[in-house]
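Next come two complexes, and both contain chain A; in the first it sits with chain B, in the second with chain C.
Up next is the complex of A and B:
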């Protein structure tokens, strides 16, 4: 029997991570991620978690300590957000190119300027091409479950890549919800001990890690890294199925399709906004509009074919981004979805939306408006301008 | 250890670095590195961040290693924290392994200082060796926080009429690290190998926190002197009190060589191309700083 508790997203992340028994944890405080570090420190001092913790002096050292520990063979965990993630960028990129299965929770927060500390995935999405796996969660149960799946995915011999488990700051990090906590022995069986074979610094078996490397060999590393990302795309679906068998909960793997089978119009979302979006999809259905929803869970690797398959029979779709892609004048996920559609020879009328920047609410009214805008786009081959969903009601 | 014991120790321990690295002719950092790793021995993991020793191939090329022991290339700004993670792993599994950084002054006093200071404060059980050649030599000698005041570097150039050079004093890294209340801090010189070996042995025995070792290494190529003068100039840096040999064990300062009756600093300064433009007044100012630091060190050692 699993336990049920009311907890915020940071606690869900901390419990999920702790249940996977990391050997070494290093993290530095930053709003809205800080409680994760505090919870884990509490678990350790209370004897609930046997881990060594380093209270580092910066995020750069947080990522450096965990990459060092992973290089030596430990299972490791860290957490950060926003400016902290930016400060990590150098060892962050390196953790993936060294193929170290670091697991890192991110309570997503906007990037400054202007000064801000509220939610939004601009931080992790801006480093989506640094070679990590990235999964985005909708609610606190999904955070806990994804954390457990993340260790499995990252440490799989066909993947061996670091992973971000991302969730919107404050909306999830600080909001309490009902969360089921699985049994420790079931988690132990699901996440076996990490035994590195590909890279290890050990005097008993000397190895030079990262000699100066010529381009032809670097290209080989990149190719294998790209293949590992594609392996993860298959594996996330398999792990999700296995998780459902064991723990009774499934998230659809790479994406979740909600009422998509017969949908004429589909809204694509990511993260915590998905809950209210599903509610408005239900309302639209009740009003006779055949609307569905695709929730993007994994952004790296990008599940382009799965998304294209989900959208292929609709008459119009829209993508709601809580982030911007400077230079594209749209959100980031919109451009990725468009690329996936084009690569699958699908040209379907569509609308890019931007909403909820800087932690603003994305409301039911916003989604009602988005759904109607998408429906109106049916049959229109012209490009639709990017719709900013939260401007008018703020009087900007 | 007495001199004989240190020489015997070197005689019976294996060189851990590939014979084929491409350091400059007369480079005393290469000698320092070989000596350090010879004493550290096979039960060691070490890190060489970007800098001369990384550039000359100590980590290796493509699929070949530059060392017989596990070696890796940390980032310029994170050797201390990356090594701290490695050491935490071995502590956890109960294996006693020497975890060592061999980093230049750029990686130590500038870019990687935050990580080093943090690791020192937390007591991460690593041995951090800084080879101080007063600048970014591997990229063609740009100034660092460790460059002596007045020195020509490629980023503090000197005009034809002798104006220019670095405007600020050298960061006193050994003293800064000593003030972290380390279990062991020492300065070393490749001109005093028995002293170096003794200190490396002491460093290996420390189990309670971070060890910081600072080596002063005049650079043949960057500073401008002849390769056969390398060790002589290292010795002179010590004999002029510019790079005195001392150690600090749990707060107790000890001079390893008397600071009395030093040779004039000008004897050292005038040997390098990088100081050629300095006038008597500027050299006198350096001498004054050197004297006051020596005096302070003597006072500390008398406590």
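Up next is the complex of A and C:
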């Protein structure tokens, strides 16, 4: 019997992480992530979690501590957001290229400047090519469940990569809702003890880490790292299926397809905006419009073939991005979806949308407008300009 | 599904009030979510909290634009925040006011019911501080009946202790209600 509790997204992340029994936790506070580490520190003080919490003076130290602890064979956890994540960048890259299965929750927060503290995945998306796995969640139950799946995925012998479990700041991190907490013994069975074999600091068996390495050898590192990413793409679907068998909840693995089977028009979303979008897809269906939705869950590795397969029979699609790709004049996910479509020889009319920057709300009306814009794009091979979805009383 | 918008100012327990409603719904086997929206966290700044309550899983995780009920935790918000914006048809307004009969502040024909009381005075008298959230939840529940009373009292006790359950009951008992139709 699982337990039901009302909690915010930060608590869901903290409980999910705690149930996987990390040995070492190190993080530095930054809004809106701060409560995650506070909750975990409480669990340790209350005797509910047997972990060592390392107080650090910055995010750079936090990532360095968990990197060292992971090298020494520990299961580790950290959390950050926005500028905190930026400050980690050097050890962040090293954690992935050393193939350390660090698990990091990110309560996504928009990037400076100007100063902002509200939600948006610009922070993690901007470091998507640093070799980590990245999963984005839609609600608090998915955060808790994904945290458990994340340890399995990261520590799998065919993957061994760090992972970001990402969720929109405030819209999820501070939103309270009903969440089912699985039984600890079931989680223990699902996430077995981490036993590193590939790399481990041990005074009895000295090992050089990070030696100066020639390009031809470094290329082999990169090749294997990229193969590990592709292994994760297959594994996330398998882990999701296994999770459903054990815990009764599935998220579709790499992507979720919602009413796509017979859809003429498909909206691609990610993160907390997806729930409202599904409501509007239902409303469009009720009005006779054959609309579906693809939710992107994993961004690294990018599930390009799965997305292309989901979109292949539609007449037009749109991608709603809560982020920007400077230089492309669109959002990041839009460009990645377009690349996936081209690589699968699919040229389908489409529209890029940008919405909800700096924590602005993405509303039902925005999705109604997006759906109608996509429908109108049917049969039009011309490039559609990027549509910025704003509230009428605000915006540019 | 019912959508509720709570208007408060930092320090009144606005966000906690929204969360307690969700706790009460979930402990009765129902669903709910509560999304706070604040600017920079500080006492005295306007705070809005958006709550959805329903019998089934609620997918929307965004702000509420057409509330079935708006709760106004401090009288000053009548002039400082758009408390009546977008009210749904047959909606409820729960107002903290010193006025004997504030029915004339309601201009929107969508409003079905106004419930009001001087929650600030009750709070100062009972709690020694002008924290009105539990009293306003009492007023809210009497007017709407949208969550189970015992469940809500249990959550209030868990969050803020027995004294606040008393405060909640005074809100419940002392609220005045006017039905426009």
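Everything that follows uses one rule, which is that the second predicted complex is superposed on the first by the 392 of 396 C-alpha atoms of A that agree within 3 Å, B and C clash if a C-alpha of one lies under 4 Å from a C-alpha of the other, contacts with A are read in each partner's own complex, and residues count from 1 in each chain.
In this text, contacts are C-beta pairs under 8 Å (C-beta built on N, C-alpha and C of every residue); 3 or more make two chains touch, one makes a residue touch a chain.
All of these numbers come straight from a predicted model, not from anything done at the bench.
Once the two complexes are laid over each other on the shared chain, residue contacts for A:61 go to chain B alone; chain C is not touched. Applying the stated contact rule after C-alpha superposition, one finds that A:291 touches neither chain B nor chain C. Shared-chain residue A:363: touches chain C; no touch with chain B. Touched residues of chain A were counted for both chain B and chain C, and B has more of them. By the document's definition of touching, of the two partners only chain C reaches A:170; chain B does not. Once the two complexes are laid over each other on the shared chain, residue contacts for A:267 go to neither chain B nor chain C. Legend: residue contacts after superposition of the two complexes on their common chain; A:212 is shown touching chain B, with no touch to chain C. When the shared chain is aligned, no partner comes close enough to touch A:332: not chain B, not chain C. Once the two complexes are overlaid on the shared chain, A:23 sits against chain B while remaining clear of chain C. No residue of chain A lies at the contact with chain B in one complex and also at the contact with chain C in the other. Chain A contributes residues 4, 6, 117, 138-139, 170-172, 174-178, 272-276, 278-279, 361-364 to its touches with chain C in the complex.
Partner chain A is touched in their complex by these residues of chain C: 18-19, 22-23, 26, 31-37, 40, 58-63, 65.
Residue ranges of chain B in contact with chain A, taken from their complex: 42-45, 54, 57, 59-75, 77-78, 80-86, 88-92, 97, 114-115, 117-119, 121-122, 124. For chain A in complex with chain B, the touching residues are 23-24, 26, 52, 54-58, 60-61, 64-74, 76, 90-91, 94, 201-203, 205-214, 217.
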